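I've put the structures underneath this note.
Next come two complexes built around subunit A: one with subunit B, the other with subunit C.
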Partner chain A sequence: MGNPSGVRRGLASLTLKHAALIALSFLAVFPLYWMVVTSLKPEAEVFTSSLLPAHWTLDNYVSAWNSIPMGRMLLNSLGVAFAQTATQLFTAILAAYAFTRWEFRGSGLLYGLIGLTWLVPFQVIMIPNYIVISGLGWRDTLLGLIVPNIASAFAVMQLFNTFKSFPKTLIEAAHLDGASDWSVLWRTIFPNLRASIASIGILLFITAWNDYFWPLLVTTKLENSTMQKGLQMFISSEGSMWGTLMAATTLASLPVLVLYLVLQRQIIDSFVKGGLR
Partner chain B sequence: MSLHQLAQPQVAPVPDVKQRKARGRRLRGLKPYLYLLPVLLSVGYWIYRPLVQTFRLSFYQWNLLPTSPQTYVGWQNFQNLVTLPEVGKALANTLIYTLGVIPFSLILPIIIAIATDNIGKRSRNIYRALIFLPMIMAPVAVSSVWRWIMHPTNGILNQLLMSVFGLEEPIRYFTDERWAIWSVTFITGWKLIGFSTLIFSAAITGINKEYYEAARIDRASWWQIIRHVTLPLLSPTILFMAMLSTLFASEWSFSYINVLTQGGPLSSTTNVYYLLWTYGFQSFNVGVSSAAAVMVFVGFGIIALGFMKLTKKLSFFDN
Partner chain C sequence: MASKKGWATGLLILSLLATTACGSNTAGTVNSGSNVADASAAEGSSAADGNEQVTIKFYSYNLAIASQKEGTQQLIDEFEAANPNITVEGIPVPSTEINAKVQADIAAGSPPDVAQLVFDGLDFAVNNFGAKALEDIVPADELAQNLEGFSANGLKLGQLNGKTYGLPFTFSTPVLFYNAKLFEDAGLDPGQPPATWDEVKQYALQIADKTDASGVHVGGSAGNDWIVQALIGSNGGKVLSDDRKTIEFGSEEAIGAVSMWQDLVTSGASDKLNDSEVIEAFSQGKVGMLLFTSALQSAFLAASEAGGWELKAAALPSFGEQPTTPVNSGSSLMILADDAAKQQAAWKFLQFVTSERGYTIITSKIGYLPLRPAIVEDPEYLKGWVEENPLIQVNLAQLERLTPWVSYPGANWFQIETTLLDAVQKAIQSDDDVSTIMKDAAARAQALIQ
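And now, the complex of A and B:
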């Protein structure tokens, strides 16, 4: 590798690689950058293409906050996302435990039935579910948003893989000490797998926060809807107040972006491991 | 609905020792099912029950009002579907979305992943974090941002194209029927490309380096190594991503269609999922919507089965 032309070629190809990656990164990040920058520009500057505001302002946030019930929608979104994440984790932990702890009749079939649900698109089942929620009088309620989502097939399958790797000998040992099945789960397995469970939880939280289809159907009033549904209604009513709109969009993305800023390594890993749903 | 409460039996206080033995064996057999109950009830009630109901509703005529009657019409809804002109349009558009997303879900990610293999670890992590960002963004927020960037007169994209590249007429990305579907496809792909790239990078990193060594000793050229070593070893991943993108491209584009174009202009951006939506919740034609849902479910189900078969066939490549 001592000849200079080889070195030069290596350098050239390395530069090319970085150039390609920088271009891709730019494509990925620029829209978000533009969202934040536009939201911080005063009205007079919004239509200029300057890459930074000449005068920074939070006016757009104030006007977004005042023109739609932003506080309520953020609280709704947080409530729904937390409740969904917690119930989905809880039900999935129980299911994953059952599948990995015992051999029982029909386990393969039941696992298959749970796993196959990813083949059922939301739009195929939305009308019957909508009818049930309407019949219960749960439209425009948080209950109507949360209850249909208390179990996640994705969470079950992810946790199944996590639980499978848990050493059987530790379970046996706890069992010999007289621990019940329930306490084996929560005293022995759960504390040890806390990190993986948390990273699956983060994924579930992001999914719940970003969900749009179900709130779109179930909620009609802004003050009862989640951030995503509210943002869509804002777009269709005040679509050309760009500064305000970008402020609302930034707020609707903020919790997820903050999570990502802190935990991007885990988030990326669990997405790559877990596929899309 | 008290699905939580139904999950409770297993926390009931332990019965005293005498009863324990008698009931013990029976309970032991039931235990796994009790632990599974919450998930099974939820999945059964919120996914399989509605699925069956959709099949049933596809044979009825109904306008979604609880007070109005459901009339049995046999196969008529399906016959209507075949004759409706927008169905053909929606099917053709579904195909466009499916094929249009492939460069973003397969071709570019594979090229980028191969080209950027063995780059320094630290810079790789920085790129990963940046490229992945669109994946975690909410579809509505993504629509909102691109709607601003691609605004015909005030958006920065047209401003740039006009000032730097001498574009004369501003492009109306979402209201020009020649452009709209490609704009929506692009946004769908934009959200996906980072994720796919990372999946392929991870797969390439997992390839045993000895294969490359062996190929290099055989004096294989760079292209021969990619063609005969990398790509075959990547084939399970390629198949997996191809399946995901075929099955879900149209579903992913739904949010962008609903927020940005509502299927227009002149139904140039509608697809099968959006059609279900408009039949169900705009024209309140539950029968036709359910019939279309059945067709979509069966159609994509067959495609999924095909992919699974292929995966099984190819899986021996892995070892």
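And now, the complex of A and C:
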């Protein structure tokens, strides 16, 4: 039996911790709650501060769905985000393996250069990229959205750090058994680091999902664009359509919410491990 | 482990799906590309006049605003119905990004044929986007005939160095919206809105004192400088000299205009909200008066009906006895096409959207102003609509004194505009000396003129 005052102290500290966490969770959840509630309010109530709509309505959803080709844009967003994530992970895994496996002349310089590209703002390379995409005839296509983003310096750097932690003796042992580099990468390293790779993949997915400016530049028709461009249509300096915007945002959040529910564990890990974004 | 395996499989399947989506999409684009190619093949002859098919690309920011998309599309549809040999490919681009998009497309070798460009970028569009002067591509008599009935002031909006580069498309003027209920609560007569800035201050202080609402807010200190230009002009000043070489917003008149604004804030007559916040606050009936774009009218009208108060509007207040200079916001349509057939098709499109029918749609469906004054009296066009929407009268009356939004010269035009807005914000958010702030900003802006 512990000392009762110690138990009390422990209980008090636990209560305090929980209270703090509940308050923080409230801060995180409330904007989402407000989004959903506003989406269910008629236009006249949008600016009221009541926590529940006085008259529930789905009009905003109907209006959002009819104003933009939402189904198509959501599919495009999903396609682009998944394809971009998959290709970025693939190129990053190859690069990270190469940097870990071989210490060649100039490898430090090459790694440094890749790191530097991460620091170059998108606006600097946007026009040259756009000219190339136009030259290839990929404007207004999903290829135009995905291909310039198939490699990510951020992913290479993150994965390099992960791969470095993998025991070299295991790789050497696999080589002694006659395994090729390809086989070592996919049969020895990949299965063991899958959780870390998945975590980085989730961060890449979120970045791709939120991208606005590149789709804006590359696509012209709404049917060929992504969801973020559609959401912008409800915002204007001459008055935003808040109810409709919140309905569209709620619908746009659903796929990511489902993904989150499925991959909850990895997402939390990725934020803890990545310490970024 | 099982869930990780599932994740990997899911990712693979979805990547494959995405690739399939890419494939179908590319196919779609090839098709539309061949249409464009067909259209290009048809060029060279007088395509727009004959039966040859011409496609013009039209960048519009009204198409990128959900509430204005329908009216803009109606303009395109009616035009296409009347001109079956011309296809207008309407492309939505937000107003804040439209210049960047046009610039990128020029670099990529495929600029739009017609672009809806905001007036503050007029000089840049003329000198860098290759905007075509109507005088250069349309015979003089045809042009004169088409511009008959156009508001003379309105025509000046898209002119630079004596040539017409853009025809005004969607634009508004600054209007003093006010909440009639708050006026009554404060013991003011809603039938007698303030006409001068001195009265605005006095009314606002009374509203702030007698009600829970704030008195007044002057919008336009962020984003674009058209309202700032309207205030400086109404106090007898200018932002740029007539020869377009000297920045003049460091003048005594400009300083006087901004000092009045600062005084509204420091005296407590004005709230300290930003422009987005004040749109919400005014909609909620928490602000007595708001000077802002007339394009907000329909949104405010809906909010007032829902909130149980009456929306009223008055003209841009004056500085004492001086006449006001309501500066327009908004955009004009400019022809960027180099190809003669596309230029002619684009001219036809411009003719239609600025025709009696075009401005009827623009005013009644999109919420901007007609530049053909006669149509508001014509039962075939806007007479009925104006009777149902009397608030627009204030706006229409201001067209008589409409003053063009000045675009700054050179590649740094936007930085100059931002310098002015930053100075105004600095002045109204502090009690610092307005004269020092404005003169310093003018000197920095002058260095940016090329």
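To be clear about the criterion, the second predicted complex is superposed on the first by the 203 of 277 C-alpha atoms of A that agree within 3 Å, B and C clash if a C-alpha of one lies under 4 Å from a C-alpha of the other, contacts with A are read in each partner's own complex, and residues count from 1 in each chain.
As a convention for this text, contacts are C-beta pairs under 8 Å (C-beta built on N, C-alpha and C of every residue); 3 or more make two chains touch, one makes a residue touch a chain.
Everything quoted here is computed from the prediction, not taken from an experiment.
Engineer: Is A:P167 touching the first partner subunit B, the second partner subunit C, both, or neither of them?
Structural biologist: Touch status of A:P167: no partner.
Engineer: Should A:Q266 be classified as contacting the first partner (subunit B), the second (subunit C), both, or neither?
Structural biologist: A:Q266: touches subunit C, not subunit B.
Engineer: Mind working out whether A:P31 is in touch with subunit B, subunit C, both or neither, as first, second, both or neither?
Structural biologist: The answer is first: A:P31 touches subunit B but not subunit C.
Engineer: Quick one: is A:K17 in contact with subunit B, with subunit C, with both, or with neither? Answer first, second, both or neither.
Structural biologist: first
Engineer: On the A-aligned overlay, A:G71 touches which partner chain: subunit B = first, subunit C = second, or both, or neither?
Structural biologist: Neither: A:G71 stays clear of subunit B and subunit C.
Engineer: Quick check for you: in the superposed arrangement, does A:M246 touch first (subunit B), second (subunit C), both or neither?
Structural biologist: In the superposition, A:M246 contacts subunit B only.
Engineer: So in the superposed three-chain picture, is A:G112 touching just subunit B, just subunit C, both, or none of them (first/second/both/neither)?
Structural biologist: A:G112: touches no partner chain.
Engineer: Could you figure out whether subunit B or subunit C reaches more residues of subunit A?
Structural biologist: Larger number of subunit A residues touched: B.
Engineer: Could you tell me if A:T85 is touching subunit B, subunit C, both of them or neither one (first, second, both, neither)?
Structural biologist: A:T85 contacts subunit C only, not subunit B.
Engineer: Overlap the subunit B and subunit C contact sets on subunit A and report the shared residues.
Structural biologist: 47, 87, 126-127, 131, 134-135, 213, 216-217, 232, 236, 239, 265
Engineer: Under the definition above, what is the set of subunit C residues touching subunit A in their complex?
Structural biologist: Counting only subunit C, the residues touching subunit A are 3-4, 7-8, 11-12, 14-15, 17-19, 21-22, 25-26, 28-29, 32-33, 64-69, 89, 91-95, 97, 100-101, 103-104, 107-110, 223, 275, 279-280, 283-284, 293, 295-296, 299, 302-303, 305-307.
Engineer: Which residues of subunit A touch subunit C in their complex?
Structural biologist: 43-45, 47-48, 67-68, 75-76, 78-80, 82-83, 85-87, 126-127, 130-131, 134-135, 137-143, 146, 194-195, 198, 201, 213, 216-217, 220-222, 224, 232-234, 236-239, 241, 244, 262-263, 265-266
Engineer: Inside the complex, what are the residues of subunit B that reach subunit A?
Structural biologist: Those in contact with subunit A are residues 1, 3-4, 7, 10-11, 14, 29, 31-33, 35-36, 38-40, 42-43, 46-51, 53-54, 57, 64, 66, 112, 115-116, 119, 123, 125, 127-149, 151, 154, 156, 159-160, 190, 193-195, 197-199, 202, 244, 247-248, 251, 254-255, 258-259, 273, 276-277, 280-281, 286, 289-290, 293-294, 296-297, 300-301, 304.
Engineer: Any idea which subunit A residues touch subunit B in the complex?
Structural biologist: Subunit A residues touching subunit B: 14, 16-18, 20-21, 24-25, 27-29, 31-32, 34-35, 38, 47, 49, 87, 90-92, 94-95, 97-99, 101-102, 104, 107, 110, 113-114, 117, 119-129, 131-132, 134-136, 147-151, 153, 156, 180-182, 206, 209-210, 212-213, 216-217, 227-229, 231-232, 235-236, 239, 242, 245-246, 248-249, 252-253, 256-257, 260, 264-265, 267-268, 271-272, 275-276.
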